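After this come two complexes, each holding subunit A, first together with subunit B and then together with subunit C.
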Partner chain A sequence: MRKIFIFLLVLVLLPVTAKAMEYTAPQAPLEAERYMPEESASFSEDLWYVIRSSISHLQPSIAEAVRISLSLIAVALLVSVLETMSGMSKNIIQLVSAISVGILLIQPSNTLLRLGIRTVQEMSEYGKLLLPVMASAMAAQGAVTTSAALYTATTLFSTVLSVGITKLLIPLIYIYLTICIANSAVGSDMLKRLQSTAKGVMTSSLKAFIYIFSGYLTITGVVSGTADASAVKATKMIISGAVPVVGKIISDASETILVGAGVMKSAAGVYGIITIVAIFLLPFMQIGIQYLILKLTATVCSIFGSKATVNLIADFTTVMGFILATLGVVCLLLLISTVCLMKGIT
Partner chain B sequence: MEGIRAYLLSVVAAAIISALVMKLVGNKSAYCGIIKLVTGIFLSITVVSPLVQITFTDMTDYFETLDIRADAVVSDGVNSSHAAMAEIIKENTEAYILDKAENMGLTVNVTVYLSDDTPPTPISVKISGSAAPYAKMQLQSIIESDLSIPKENQAWI
Partner chain C sequence: MDTFLKATAGLIIALVFYLILAKQNKDYSLILTVAVCCLLAVCLIGYIQPVVAFISRLQILGQLNVDMMKIILKAVGIALLSEVVSLICNDAGNASLGKMLQFLASAVILWLSLPLFTSLIDLLEKILGAI
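Showing the complex of A and B:
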């Protein structure tokens, strides 16, 4: 009965609350809006719509990846034939093989890297617009300490990640590719060790980042959530200590604000999540397709190709994997933060 | 970040140059040992010397800016929620008084004023309209007992 009353009160007073406080998610970027439904149904239906729209645009990426794969198989075949011919210098063949594979793969890798950078920047920019709305709505519900802590943490980690990716990780990827090509051409233990160090640094830094971020968010949520719950309890005690009629009016108003802010925050959060997925999904799938087809190509080439050629193709596959991991980390950061802000005080 | 990028580029360039030189000289050359020593020293200097010059930037300003932005976002939420709650409390209190007045057969206009506390509470009221002295006294008593607004804070126009 109480729930029905609150629902009716919300229906009556929502126009009143809406005048004073409005929490709507920022508009999705034009590129992402193409993959989002025009009218929102349920969360799962909207998500499924985004997935279907993204998949329907994958055809050109698959065709391009297959074309590159066939070229690589042709190079590996040619190199293996040349190797069997007597009188051919192995060093020259190795050099030519490295240069050929490098030329075939460097341009698509560059295109996909730039796609990855653009997607990271778009997600970061959208996060900068969404997070203040969610934090503000959460503060309106009484979770002042938690919303400030979550907003600060997410902004800090998002900035560090965004700058780290564009200024450090991406150049590191280019350096890694240079070392891989040089190692394939020249074959040096030092370059091999450097290559493995660069790979280790990139992998470990992404892993460490996500662990630190998740740990910080968990601890912050518990500590500040306890403080906010105490503050809300204290406010309730003040209300209950007031004159009965006044206390009831204030209590009803407080409940209306909580429910209204909660409804608006949830709606903004759901739209924000769908938008983040719409920005992230198609580039992720485009790079993922290239990654899978390159992996398959390396497996096929390992049957007849030289070790150096196959290793170089595998190194480029590793780079695709790094870009996928980077995109995944940025998307995960935003989704975790949005869900934490939607969750509110426990 | 730019510093780290330049450092990495210099280390990688030095490593590639050293590898190429060693490959060109070959392991069986008479000068192999000396070349190895020279390239090793060159690479070591490239790796170690920038590390010695590291200084850490003072991040205090950045964190202060972050705190200010977080405070602004949170204040926005708190202020808008406070304003919305004040509006609801004001309207409900006015509706309560009007309801009581109507039960007594009075036709009045009511404006309630709230305190600046959290949560805001009604502190004074302005009532306009004609009323018999007894009805007016009754309404004043109800307002005083039910809403804790003392008679001196009730203005009749």
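Showing the complex of A and C:
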């Protein structure tokens, strides 16, 4: 009787149609697609291709940065003549110098800041498309709790960071730059304190954000990953034990399906990582070039220039560094989340 | 280098003459000071010209606004001149004239720099308006 029942059950299950789930990463944005390889080879080769194509587009940024640097050196050289003076005119010339440096640097800083904001928004938009794909593939692999926790965390932190950058950090950067120019022109202790407070707020908020995000990921990964691993193991044991004769075969087959879902998830994840790097790399390098050349200019000007002028150039360099750090944080957030989702259950 | 050494030697000699003349006739010593300052200014121009030419070259390479460079050059020139003349006035025992000249120089420099202030404010308005 039992054997007849099992035979009938198998007969019913056999004709059930099988549907395959497809987990593909979303298409890269048009801007980033230019720097991506047309045909995918290996991960390292694709990454190297993205790096090479980004570097080949750097030449205009280098030319612009060098042009600004030469202008700053010319202004600093002229003003340096007055270092030996002690009269009222020295303070006025310092004011003129601060205004000139401000005019030379504020427009390029604004352009690079806008570029940074655009890149952050593009990465966030792409993350919103990629992460649901990765999370569903991870859930299909059996890691339901982990995928939900990781997806929620990344979406939350990404949204908070995106809004925080646009509404809080960008206006704070402009306020900081205005205070720097005023401090260089006038040289007041109060302005100096305001300047260091603004700088402290910007850097601390970014640091705090990355610490909280990393901490959350670490805890979530350990707790939910363990829970999912136990759940999958338990399920396989139940299938193996509950279904007689073919239970072990079905249990092994389900493992094959999970491995298949993992492969598709990895493929989508790899493409997603390449796309994120393609969106991030060129703007990062453009801002990085400006940062390095400004730093070099400040070093050269410190040989002959006035302290106030050199400090003002250094302040603008700090802002470039901050934009670089912000871009890096957003990219890191997306990459860590993608890799965690690719890793699956331990 | 030779010119600098000659100028330094000439300056020391002029100082000795100044000290001798100052005891007898302060007016002549002041005239001597003015004359030596003018001679040193002529030497200075000889050294400053290549520096200004180099800065002009940097300005062309950097595509720096010509007006901005002119303003800064004029401001530096006015500051230097006012400083030297102010010190001569102090030597002559008339500090108030020297101070007045410095005030005048500061006002002229500020007046010259008005286009720079306007450009900066326009830039900031444009940027902050876009936010």
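The rule we apply is simple: the second predicted complex is superposed on the first by the 312 of 346 C-alpha atoms of A that agree within 3 Å, B and C clash if a C-alpha of one lies under 4 Å from a C-alpha of the other, contacts with A are read in each partner's own complex, and residues count from 1 in each chain.
Just so it is clear, contacts are C-beta pairs under 8 Å (C-beta built on N, C-alpha and C of every residue); 3 or more make two chains touch, one makes a residue touch a chain.
All figures in this text were calculated on a predicted structure; none of them were measured in a lab.
Q: Should the pairing of subunit B and subunit C on subunit A count as a clash or a fit in the superposition?
A: Fit: subunit B and subunit C sit side by side once superposed on subunit A.
Q: Touch check for A:Val339: first (subunit B), second (subunit C), both, or neither?
A: Touch status of A:Val339: no partner.
Q: Should A:Met190 be classified as contacting the first partner (subunit B), the second (subunit C), both, or neither?
A: first
Q: Looking at the overlay, what does A:Thr178 touch: subunit B (first), subunit C (second), both, or neither?
A: Touch status of A:Thr178: both partners.
Q: Figure out whether A:Ile92 sits in contact with subunit B (first) or subunit C (second), or with both, or with neither.
A: After superposing on A, A:Ile92 lies in contact with subunit C but is clear of subunit B.
Q: Applying the touch criterion given at the start, work out whether A:Val163 contacts subunit B, subunit C, both or neither, answering first, second, both or neither.
A: first
Q: Scan A:Ser147 for contacts with subunit B and subunit C and give back first, second, both or neither.
A: first
Q: State whether A:Thr155 touches subunit B only (first), subunit C only (second), both chains, or neither.
A: A:Thr155 sits against subunit B, while subunit C stays out of touch.
Q: On the A-aligned overlay, A:Ile212 touches which partner chain: subunit B = first, subunit C = second, or both, or neither?
A: After superposing on A, A:Ile212 lies clear of both subunit B and subunit C.
Q: Which touches a greater number of subunit A residues, subunit B or subunit C?
A: B
Q: Give me, in Å and rounded to a whole number, the least C-alpha distance separating subunit B from subunit C in the superposition.
A: Checking C-alpha atoms only, subunit B sits 11 Å from subunit C at its nearest point.
Q: Residue overlap on subunit A between the subunit B contact set and the subunit C contact set?
A: Touching subunit B and subunit C on subunit A: residues 171, 178.
Q: Mind listing the subunit A positions that touch subunit B in their complex?
A: Residue positions touching the partner: 13, 16-17, 19-21, 132, 135-142, 144, 147-148, 151-152, 155-156, 163-164, 167-168, 171-172, 175, 178-179, 182, 186-188, 190-191, 194, 235, 238-239, 242-246, 249-250, 252-254, 256-257, 260-261.
Q: Would you pull the subunit A residues touching subunit C in the complex into a rising list?
A: 67-71, 73-75, 77-79, 81-82, 85-93, 95-97, 99-100, 102-104, 106-107, 110, 170-171, 174, 178, 181
Q: With touch defined as at the start, can you tell me which subunit C residues reach subunit A in the complex?
A: 51, 54-55, 58-59, 61-64, 68-69, 71-73, 75-76, 78-80, 82-83, 86, 102-103, 105-106, 109-110, 113, 116-117, 119-120, 123-124, 127-128, 131
Q: Going by the contact rule at the top, pick out the subunit B residues touching subunit A in the complex.
A: Within the complex, subunit B touches subunit A at residues 1-2, 4-5, 8-9, 11-12, 15-16, 18-20, 22-23, 66-67, 69-71, 73-78, 80-81, 83-85, 87-89, 91-93, 96, 118-119, 121-122, 146-148.
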